[in-house]
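Heads up, the next two complexes both have chain A, just with different partners, chain B and then chain C.
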Partner chain A sequence: MTVQDAHAPDERREREETELPMGVGRVSRGWIAFVGLAFLGVVVGIIGFLTEQGQGLVGTGMRDLGTMGGATWGLYITLVIYFVGVSFAGIMIAALIRLFNLEHLKGIARMAEVMTVVALLLGALAIIVDLGKPVRGVVNLFRYARPQSPFFGTFSLVITGYLFSSLVYMYVTARRDAAVLAARPSKLQGFFRAWSAGYEDTADQRARDRRTTFWLALAILPVLVVATSSLGLVFGLQVGRPGWFGTLQAPAFVVLAGVSGIGHIIVLAAIVRHALHQEDRIGVDAFAWLGRFLMTLLFVYCYFVAVEIFTTIYQPAVAEQRIGDALLTGRYAWLFWGSIVTLVVPALLLAWMAIKKQWRIGWLVAIGVIVNLGALAKRYLIVVPSQTHGQLLPYGEVGTYSPTWVEYAVMIGLFSLGALLVAIFMKIFPIIELADADTDPDVDDGGAERPEAHEMEKEVVS
Partner chain B sequence: MTKYGMVVDLDRCQGCRACVEACKIENNTPSAVFWMHVFRLEDGEYPNTRLSFLPRPCQHCNNAPCVKVCPVGARYGREDGLVLTDYDRCIGCRYCEVACPYGVNYFNWRSPDDAFADYQMSFDDPDVVAVTDGAVPPYRNPVHDRKHGDERRRTSGSSHDKGVMEKCTFCVHRVEQGLLPACVDTCPVGALRFGDTDDDETPISQFLRTRETFQLLEELGTDPSVVYVGGTAPTSHAREIERPMTEVTR
Partner chain C sequence: MTRRGVITMAMIVVGLLLMGYGYFGGAAQWCADAVSCSNPRVEWSPAIFVLGVIVAFSSALYYTVAKDEVTDEVARGKQQ
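What follows is the complex of A and B.
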């Protein structure tokens, strides 16, 4: 029984007429504390970035390859591919929900879209902080764009095409909610009216919007596979860098992107469900679906890793062996095996839950966090070891790289900015799509199939 | 069509690193930056060891991975075989550096004119001015400030702008005046040769016809303009026995 149900029906209706749904427009003490903390984190990041800009990238732990014995790409590039990976799963799930009409997942569609946009912004910022000339970079990446460079996919395709289409997608799918809220008097009424832009929620418009989002979702899916693959190709095409060169990079990037993104959605959905008391909109079956999806991706990724390990140890070239040794038994062994544990154990836990058909949300949240730590570690292990251990000319023994406080500060800043943006969005727009029943009880959105689906699932809340 | 190339005669190289020094002076490169580097290598196990030297300028590849990956076209290959960096266009993403299998790229991690005098000598430094009385030292070459080639881009050494990538330019500023690159000009034993490899009559082409050559990491298909004669390519077990300075900061 939820909190709202406890109120008398009259009282509830009255409250709904005066207040906006999903906590929009009202802030709690906890929210203020959270946002304050996130803001502090952003300030830390800005201090790090300004320090770096003042003295040059010498403030970071990165140095030249070869005679200088460093790694020229480090934590920043790790974060770029991590954030773009996170964004991948968000819009993918949102698109799948529309394409396959997954009604029981509608509650998480909006937050998945928001997560995509925010993660892409963070990815773009991570690219910019990594550049030696950030301002010139923003101009030249478009002015002199070269499609021959794999970075074209990362910079131009991701930041313009992908971010833009995600924004349009989010905007279009949210217009109906904006129109509903614009009809209610509130401080944010003007904002909602601007968002709805003449939308009146007629049957005609609704059908048109459904068509638009369907085709948009269909168009976005290949774009995001190309964009995320191009990140893998940034590494996979480099024949001169053992450990990177390989066909598996692009698909492995896409799969690990799905892992980290779904992990994030699970955590975000659990927080929203708990904070806004939306147990009925985000049901356990939604978590079960996410859990099964995550499990599948995890098993596929573990399979990729196993194949990769086997290829590395069977009959490796000398440079490949050096990297393999560093990963499996050498300097990066603790991180490598640690990341394997953070991917294999959650996969097994999820499989156990799937067999038992008991989806514990607390466990899922923990898994969501753990697989993200694992994904971050794996990204780091793709970027760094091939630079420190993968020299083809006899440059000394090995290189070293460890991030400095500047890089950690920027990392904290980026994560905090993401949390801040999501938290602010939650207060200016419903993070969960308004149910059809809230606005128009006559329209039945294929709901007849839902009870059957529920019976088939027989999910148990624990 | 002129096609510049360099020949490194490993039978002649004695590992004196005079070329490294000449390059640093000519291009005024910052500390720990070696556009020209000479490996001093040891191969085999004691007592059956072998010492060898391997000069390593930028290979100026005809199929250069750094040119391919540059997202803005700042790194580009010219028709005369030189692979150069446009310092006014480079955004400092360092993709060329990870793409290059030879490790010849050096990023400007800090500004050359900041307080760290040992990073690079600044001619405006009061301490330096006190000695020079404002006179520009002879190795401060104003030619570096010019734009080079038909493409009119700023590509030769010495600016070291913070946040852009640099590497060996084959001394484009000297070559365009008909001079040899500084390393070639300096080598006391004639181990380095430079010239037009497209013209059969040039000394370098005539020399190449008489000798067996190899390129570094030929198997990668980068097709370097730098070719080696004499000696052997370093094996994958060769060890670097003496490394130059590696620290950018103090």
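What follows is the complex of A and C.
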């Protein structure tokens, strides 16, 4: 044995003690390539936005209702609803995990919190790009928003209250990890020290953290439902807009929000599990729980859609019939039936996996992606056809709307920005909560495999 | 109740009061038909509502981060 070999274990131990966990502070070639690609997407989005600012909204496919035979809400509003939906499920799952102490899901709690904050930022940006004069629009919201309007709930609860409470929640739940990492010498030590804000790992502090997260979760959950419902009510309360007016809009918004958000969490959890080799912390039981939850929401949403279609075709007024025809057999039929397939087939696949008790992560990821495409299409169909085909005034029967390259560029930019923010977060803070064994030497559990998870792993043929 | 608890509760109450003031200071809800009722009766009332939401949720930050000298020292003493 050489002298070099004899020193190797010491060096490894030293490296383990000083290196930050979960790849924090270290970048790989794959990460750089991913971030480069995402950055390129953001640049595309900025070009789209600047073009829109230069030309005005005429650079988009949006036109006035009636007189110009178009739609004033298009892809941007579709994206607002979509991103708020994604954020809904993220913080809901995180809150449920803390409220009911769902141990097997703790590995996904922080990524759900991060996803919520990022999705809300993207939702807010999607509103801003939809405004002809963004600065004036934002300032006027703070000056003149009317409490009578459901927009008031959307603006005050979703964009501000919801975002702020999610940030507070994420900060509080991550403070202990920040304190642990602040004790290790690294380039990010100052950042961790600032985040931990003098955290001392005493029993009293832990009890206080538990109380805080419990009450925060309890306060956030009703805010979530009210906020997401208010977004549904923006459509559901418009009595003069056939296709929108209805009691099912608010609950359907909440349920579809859960569908798209859980789909996202599944995909993100699978990526993190694979990239950071965290098979023990994010077990198959976590995916099984998410899969069962997603299946339930999908069946509930399919029921809503069936009721909606039946009500539309049973004995509709003229404008409702026009929208119904456009959706079922007309211009939007391919998108409508496509979205139905992307929601029904995953629901059946999930039911099959639940019956067989075989949760395949690859399948779940595919389902997560597919239901998100379906949810995006469904939102587009909620927003657009009622404007193009639901005209009650005699301006001509139908209008048209097709997004331009500007809108597609902004959409690419928003999705890329989301991916970029999550990727950067993963390199400055652990995306998975540190196990107790990492932070407290007296506790011998942490990352240990749970027996039930092990049993489940055996059942699965990946 | 400790000083921390008192201040936390005070922040929640102030937050709720600001939300109420901001909400009812907005366009009057009981005369929605009159044009004169369209504008907020209190300048920047939606911003006041949002400030209330922020103050209320900030109470959680204060509760976890603020030092409560007596109990913290006792806890440290117990650990040692």
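As a working rule, the second predicted complex is superposed on the first by the 427 of 462 C-alpha atoms of A that agree within 3 Å, B and C clash if a C-alpha of one lies under 4 Å from a C-alpha of the other, contacts with A are read in each partner's own complex, and residues count from 1 in each chain.
Throughout what follows, a contact is a pair of C-beta atoms (placed from the backbone, for glycine too) under 8 Å apart; a residue touches a chain by one contact, two chains touch by 3 or more.
If you're wondering where the values come from, they're calculated on a predicted model, not measured in any experiment.
Chemist: Is A:318 contacted by the first partner chain B, the second partner chain C, both or neither?
Modeler: Only chain B is touched by A:318; chain C is not.
Chemist: Between chain B and chain C, pick out the one touching the greater number of residues of chain A.
Modeler: Higher number of touched chain A residues: B.
Chemist: Is A:203 touching anything from chain B or chain C once the two structures are fitted on A? First, second, both or neither.
Modeler: second
Chemist: Can A:216 be said to touch chain B (first), chain C (second), both, or neither?
Modeler: After superposing on A, A:216 lies in contact with chain C but is clear of chain B.
Chemist: Quick one: classify A:171 as touching chain B (first), chain C (second), both or neither.
Modeler: second
Chemist: Scan A:56 for contacts with chain B and chain C and give back first, second, both or neither.
Modeler: first
Chemist: Quick check for you: in the superposed arrangement, does A:161 touch first (chain B), second (chain C), both or neither?
Modeler: second
Chemist: In the overlay, answer first, second, both or neither for which of chain B and chain C A:190 touches.
Modeler: neither
Chemist: Kindly list the residues of chain A that each of chain B and chain C touches, one partner per complex.
Modeler: On chain A, the residues that contact chain B in one structure and chain C in the other are 141, 143-146, 148, 152, 155.
Chemist: Can you list the residues on chain C that touch chain A in the complex?
Modeler: Of all residues in chain C, those touching chain A are 23-24, 26-27, 29, 32, 38-40, 43-44, 46-47, 49-50, 53-54, 57-58, 60-61, 63-65, 67, 71-72, 74-76, 78-79.
Chemist: Across the complex, what residues on chain A touch chain B?
Modeler: These residues of chain A touch chain B: 55-58, 62-69, 72-73, 127, 130-133, 136-137, 140-141, 143-146, 148-152, 155, 234, 237-241, 318-319, 387, 391-397.
Chemist: In the complex of these two chains, what residues of chain B are touching chain A?
Modeler: That would be residues 32-34, 37, 39, 41, 56, 65, 68-74, 89-95, 97-111, 114, 162-165, 216-217, 220-222, 234, 236-240, 243-244, 246, 248-249 of chain B.
Chemist: Spell out the residues on chain A that touch chain C in their complex, using ranges where they run on.
Modeler: Of all residues in chain A, those touching chain C are 141-148, 152, 155-157, 160-161, 164-165, 168-169, 171-172, 175, 197-198, 200, 202-205, 208-209, 211-212, 215-216, 219.
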